[in-house]
Structures are given as C-alpha cells and as structure tokens.
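In structure tokens below, several structures.
Next, two complexes with chain A in common: one pairs it with chain B, the other with chain C.
This part shows the complex of A and B:
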C-alpha cells in the first residue's frame, strides 16, 4: 500500500490580499489533518508572518511577483515552506518581530537564500506542540 | 481564467484536505470580489462539490482561480473523465445537477484524461 502524503501547494501573486488566502488555506489544511486548535493557531500565525514578509520585503515596489507556499504532513506534524524569487533578506527597515515570532511559533525553522535569487523559509511544527497558545 | 489586479493563483492539494481548504479559499475569493452573500454561499457548496468529484485515489485536486469586480473564475483540473462528469452531473437535487445551477457559466474543456471544468460566478 502506497501512502500519499497530504499536501497543499499554493502559487499566488505576492499581494497583501493574498496573505489572507494563504492563511485560510493553511488553516483548512491543518483542520483537515485534525491538528489541535492551539497548533493550528501557531501554524497560521507563522504562515501569515512569513507571507507578509514576502509581500513587504521580497520585491521592489510595484513589482508583483510570486509567492509560493507548500505544506506537507509529516509523521508527527507538518512542514510549511514559503518562498519567493525576490531580492533576498536585506537591511530594509521593519519592526524586526517577524522572524523572532516565527522562531517562537515553530518547532524549528530555517531561512535560506536561494542561489537563483529569492528566499525560502522552512517551518516545522509538531502536532503535539502548542508553543504559543494564541487562543488565550 | 480571467486576469485581474487582485491576482489569480493556483492551489494544488490532496483529496482529504480539499473540502476544508477550498471552502476557506473560495469564501475569501467571493468576499474579495464583493459577491452577494448568497453567491458566496454558492461558492462554499461548490468547494464541497469539487472535493467530492475527485476519486480518493491519491490524485491531487488542482484549481486555478482569479477574481475581478463581482466575479470569481475557477478552472478545475486536470480531471479524469469520470471525475469531470461527476463534477458536472452529481449530486442532483430533485433530478437537477447542482453545479450548473450554482455557477453562471460552466464549460468542459480538454481531451480525454485531461479534462478541465471552467466555472464563472458573478
């Protein structure tokens, strides 16, 4: 018997309104996998932050390029990858809370600069690990 | 799929997650397009129809989408022939297939094994 991984893939223009699309999609995905509510809250908040970073920082102003999201169920949790083909992590001013928040919400995360240009963030969540109970 | 400033996109997902994910995404798209609430409700039903039309064989559900003012366009597929026909014909209420009643336009395109169903709302 072949087990097909549960997977969600999204390809969207990196526009503010699409952050909500990504948030809703990943929420529905985690609900379908019957994750605890507190874990779903962590996943969707981290995904919102990662996608907002792409929209705000990845591309030059008025350049609408793509945001890619891939979520895959793995034993004991879910891995979510958000990537862009933009200008990479720079020194743009910001609140500086995005990555620390993602660090707090995930079991682990990795930020990579892609050779072809762009940035990929890989976020791992355990399904028994409610790191921040955002419902409180 | 029609083009728009709000941005079209593509969603690909496994069958088990299709219903919950598509309901949330299509709901957002309907609201973004400022469809009346009854048409947003239609989209939520269509999300379940799309999920239900696919065989639970490990195949992926793929939907392209785009929004414009008071309009949502979807392209579902590629679909196996049986799944495309199920989407168009099933389920029925009082002998009437639901999807053609819910969408403003329904079009089956593509050849055998590579069917796509184009839908327009609004």
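This part shows the complex of A and C:
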C-alpha cells in the first residue's frame, strides 16, 4: 500500500535561501501525487514567484518575517496557499513579472489582504496536462 | 565534477557566463553582479542557460537589465537556450513572451559568433 500525502505545511523565515526550500518541498509533494511533469513545472515556478514576493518585501523592511506555505491535494489537482504573515505585499520587485506569471501558470489564483496584516495568495492547479496557451 | 552555479569564461574575446542548476531571488544578485561586470569589461557577452534547471522572474529581470545595458553600450549580448525540450528553463521565456526580445542561439559556439558580431536583438 502506497501512502499518498494529502497536505504539506511549511513555516520558514522569509529569507531568500528558503525560496529553494519551499520550491523543493512543493515539488516533492506534487511528485508524490504523480502529477505530470508539465504541471509540476507550473507549480514550481508559481510557488517560487509567490515566495519571492514575500521574501523581497520582508527584506525591504529589514525584518525577518515568516513565509508560510500550505499545499493540499484536492480532487483534480492541488491548492497551494502562500502567506506573508504580518505585512502587506506592496509593489512587485524585479521586472514585475511575478503576478502575471502566476496568473498564466495557475488554473485560478486569489490575493487577499489579511485583517491582521499581510497577504495570502491561493493558487489552484489542475493535475491534467493542459498546456497553457495564453502568454502574459 | 560538479559545476559551480555561475562560471565566467573570458577567453576568446567573449565573456561567457555559464549558469548551472537552480536560480531564483537568492542567487539573482550574484548573477546581476557577474553580468554587469562582464558588460563593463567591454567584451561581447554570452549567457549560457543550457545547464540551468530552473530560473524565476528575478533572473529574467537580471537578463533583461543586461540586455538593456548591452544595447546602450552597443555591445553583443546573446543567450544560449537549447531548442524545444532541451532546456528546462525555456518555458518561462515562452510564458512571458520574451523569446523574441532576446538574441537566442541553440549552442554556445553559435552564441559566441553572434555576440562577437555585435548581435543584441
């Protein structure tokens, strides 16, 4: 009997080197769920962009915040929540390509400002190999 | 032998920056410094992504800023990106629509020739 994980939860200091940790954890989770490679590539990149957003904003404030990631297997796919606890997400860092990429790579996504401060992004991915044809 | 994440080879009048493995917001600053140094070095620049297994938008931002500087300096600037399924990082270029923005060649040799000829579009 093979046990398939249903949920992955991570809480890490919002440091640049932890984006890799989050990416590898969510990649392993999707591999355990036997998702197609193309879907895993989308999840890896979208989760990296969401985590990078958290890290860059925590960094800009010169405060170590927490990066929280929660992935849940759902029928037909996976839902990944990345939370920037304690502060809001301001302007996007870098080339401003993060959110457009997330939009292109996910089946759906939602950004919420939390009452206690901070931002939560919820990203849904389908586990079939549907190619994304829309460019950013 | 494990290749270093970022290697610069300055032989032959072209600065070749080989990017290996996974790169994101943690390593983008180091890559930015290497790309800026290479452009300041007054030689054509090749950024070889054939050994890269993952890049995010912060790395794309570095590559775009290198492209802008190279054009300002009227200097060759060419990326190496194997065609089709040969490059794991090709997808982010496709999704962002940036393939036509960069000068891209499938091999390091082709890229060095193009960069030496001053290609940056």
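Just so we're on the same page, the second predicted complex is superposed on the first by the 114 of 136 C-alpha atoms of A that agree within 3 Å, B and C clash if a C-alpha of one lies under 4 Å from a C-alpha of the other, contacts with A are read in each partner's own complex, and residues count from 1 in each chain.
Here, contacts are C-beta pairs under 8 Å (C-beta built on N, C-alpha and C of every residue); 3 or more make two chains touch, one makes a residue touch a chain.
Computed from a predicted model, the values in this text were never measured in an experiment.
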- Task: Identify whether chain B and chain C fit side by side or clash on chain A in the overlaid structures.
- Result: fit
- Message: Contacts for A:44 in the overlay, against chain B (first) and chain C (second): which applies, first, second, both or neither?
- Response: second
- Taking the superposition as given, does A:19 touch the first partner, chain B, the second, chain C, both, or neither? second
- Message: After superposing on chain A, what angle in degrees do the C-alpha centres of chain B and chain C form at the C-alpha centre of chain A, to the nearest 10?
- Response: 100
- Message: Once chain A of both complexes is superposed, is A:10 in touch with chain B (first), chain C (second), both, or neither?
- Response: first
- Task: Could you look at A:28 and tell me whether it touches chain B, chain C, both or neither (first, second, both, neither)?
- Result: first
- Task: Applying the touch criterion given at the start, work out whether A:74 contacts chain B, chain C, both or neither, answering first, second, both or neither.
- Result: neither
- Message: If we overlay the two complexes on their shared chain A, which of chain B and chain C does A:108 touch? Say first, second, both or neither.
- Response: neither
- Using the touch definition from the top, say if A:56 reaches chain B (first), chain C (second), both or neither. second
- Superposed arrangement (fit on chain A Cα atoms) - minimum chain B/chain C Cα distance in Å: 11
- chain A residues contacted in one complex by chain B, in the other by chain C: 17, 20
- Message: Using the touch definition from the top, list the residues of chain C that touch chain A in their complex.
- Response: 22, 24-26, 28, 54, 56-58, 60-61, 64, 88, 91-92, 94-97
- In the complex, the residues of chain A that touch chain C are 16-17, 19-20, 23, 41, 44-45, 48-49, 52, 55-56, 93-95, 97-98, 100-101, 104-105, 132, 135-136
- Item | Residue ranges of chain A in contact with chain B within the complex | 2, 4-13, 15, 17-18, 20-21, 24-25, 27-29, 31-33, 64
- Query: Hey, which residues of chain B end up touching chain A in the complex?
  - Reply: 6-14, 16-17, 19-25, 27-29, 32, 58, 60
